[in-house]
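Right, one structure below, let's go through it.
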Amino acid sequence: MDPAQIIYVLDLFGVAVFGVSGSLAAGRKRMDIFGVIVLGMVTALGGGTLRDTFLDAGPVFWVNNPVYLLVAGAASTLTFIAVRILRISNRVLLIADAIGLAVFTAIGTAKAIAITDSQSVAIIMGIMTGVAGGMIRDVLSAEVPLILRREIYATAALCGAVTYVILTRLGLTDITCQMVSVFATLCIRLAAMHWHFSLPVFQAKDGNEPGFSDET
Amino acid sequence: MDPAQIIYVLDLFGVAVFGVSGSLAAGRKRMDIFGVIVLGMVTALGGGTLRDTFLDAGPVFWVNNPVYLLVAGAASTLTFIAVRILRISNRVLLIADAIGLAVFTAIGTAKAIAITDSQSVAIIMGIMTGVAGGMIRDVLSAEVPLILRREIYATAALCGAVTYVILTRLGLTDITCQMVSVFATLCIRLAAMHWHFSLPVFQAKDGNEPGFSDET
Amino acid sequence: MDPAQIIYVLDLFGVAVFGVSGSLAAGRKRMDIFGVIVLGMVTALGGGTLRDTFLDAGPVFWVNNPVYLLVAGAASTLTFIAVRILRISNRVLLIADAIGLAVFTAIGTAKAIAITDSQSVAIIMGIMTGVAGGMIRDVLSAEVPLILRREIYATAALCGAVTYVILTRLGLTDITCQMVSVFATLCIRLAAMHWHFSLPVFQAKDGNEPGFSDET
């Protein structure tokens, strides 16, 4: 397998993993099988869909290549069946989720940098590709998105996207940049999971209750 | 009236019905008249807007034909006034909602298949056109979307979209396909409402509490 | 400074203010610094992003001009730091927010009318540019969007957008229209804040409990 194929296989793997993640979230809300499949597919395809929409680079990726639809749908359906039989280890899922995050971020950054010259835009697009699916999943579950509250997750995506952009400037090939970017995101995310790193939390000064909710 | 006109009238009817549905949801949350109109319009136009965005087929449909905006806005405003005077039967609303679902699904599938060759993409676009407006309505009301939890609803849209795709392959005219697709969705949805069909619910094995919320 | 520059500076000012508003909302939910920055950026850029997406006028504005990204990101980060030290007056924030609303609405209407002939579409796009960022902020915070429940807010945007459209028809220059539109929105919003104007609330007749939640 040449490197481009490896990236493609990892991409489909990421789609499948996020599909499983969405289905499990649907399960916690006692949705029916349709809800499970919808939430699985939205989680798996949401990030890339937003990226392609905002870049306005033609139809979104799964319109051109329905294999993504099939993988996301199949992963969600299988999850619905599997949880009745198997006990899925949370640790395995989290590691798979980290791989998905890493691959999506690298691919999103690469896609953006092929269209726009701006490195900050490419980094934002990379992060968005990695994390937006999970955010939409949580919104549809009527919860505050986990990644907004949780330890180093999108920060890992940020590091991966920055890595990609720097390596591209150094003149490395696209595939090399992607492989190293995936590796960077993955290491940071796994380290954060293992040692429970976290970022500082918003803390207002006493009596400085923030917000726009009242008019006085 | 020729069949194309019938579809167009039904489409506007669907927009109006979903506008009413969104306004009533806003009412349950005690929104003011502006909130009612916004939620009505988002519900009425949301599905088609997402479809056109993801297909990247030029500006979304209501930019090209503002009649849709006016119908959605008028339906929402009238609902705001009407509920102070009339008692609206829930049964009438649900039947009207089923008609809207059926028409939107058929039109969405037809629009997609004119642009993409992929049948699975066309089916997804049909379902999305039918159900996404209601999902956005529920998200803006800070609730888990009803259609993810409820008896045969999007499944009816799935059947309608599949019907359309099969008939197109058999070489029938676009209008015929749309009429039969509308009829199929409508029958399944009304039957499901009448006999309270429902889909199996997600059920995890004991001790297999799904989810990504904890890091252990 | 010529008028076009004034509009540009006010636009960046609006981005910064909405960035602060999003960050403070994130703070109320005890998000970490990444969540604060994401919510700040989404609030600051969300309205214009939806407008550009629905108009299908090429990549969204911040892809072409990353200065917007930097301003939104910087405003959010500074807010995260500032609330630990300063006490931010709610009154100052609300006035700044009103300026942002007014500028975004005028710019959104102007952008839309340059692309579409329809005045109703331009008005909707103007309102959307002004209010959608705040709505997405509230959805990501798992709350019913404030503007759907609160006194004259989007109504002020409506008046500003209508003002712009009328003045354009009278043949005034683009810059004049924008300045007057900003002034109109701002006056109405500030007056509404000062005298606590509000719109009538949805009120169902007794026993006319609205909604699609039950199937009977």
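Per-chain residue numbering starts at 1, and chain names A, B and C are given in the order in which the chains are listed.
Just so it is clear, a residue touches a chain if its C-beta (ideal position, glycine included) is under 8 Å from a C-beta of that chain, and two chains touch if they have at least 3 such contacts.
Small disclaimer: the values here were computed from a predicted structure and weren't measured.
Enquirer: Going by the touch rule set out above, what shape does the chain contact graph take here: line, ring, star, complete or other?
Expert: Its topology is that of a complete graph.
Enquirer: Nearest 5 degrees is plenty: how much rotation brings the CA atoms of chain B onto those of chain C?
Expert: Rotation angle between the two copies comes out at 120 degrees.
Enquirer: Using Cα averages as centroids, what's the distance between chain A and chain B in whole Å?
Expert: Roughly 28 Å, centre to centre.
Enquirer: Of all residues in chain A, which are in touch with two or more distinct other chains?
Expert: 53, 56, 139, 142, 150-151
Enquirer: Tell me, which parts of chain C touch chain A in their complex?
Expert: Where chain C meets chain A, its residues are 21, 23-36, 38-39, 49, 53, 56, 58-60, 62-63, 66, 69-70, 80, 83-88, 90-91, 93-94, 97, 139-142, 146, 150-151, 193, 196.
Enquirer: Can you list the chain A residues touching chain C in their complex?
Expert: Against chain C, chain A makes touches at 53-56, 115-116, 118, 120-121, 124, 135, 139, 142-145, 147-151, 153-155, 198-205, 207-216.
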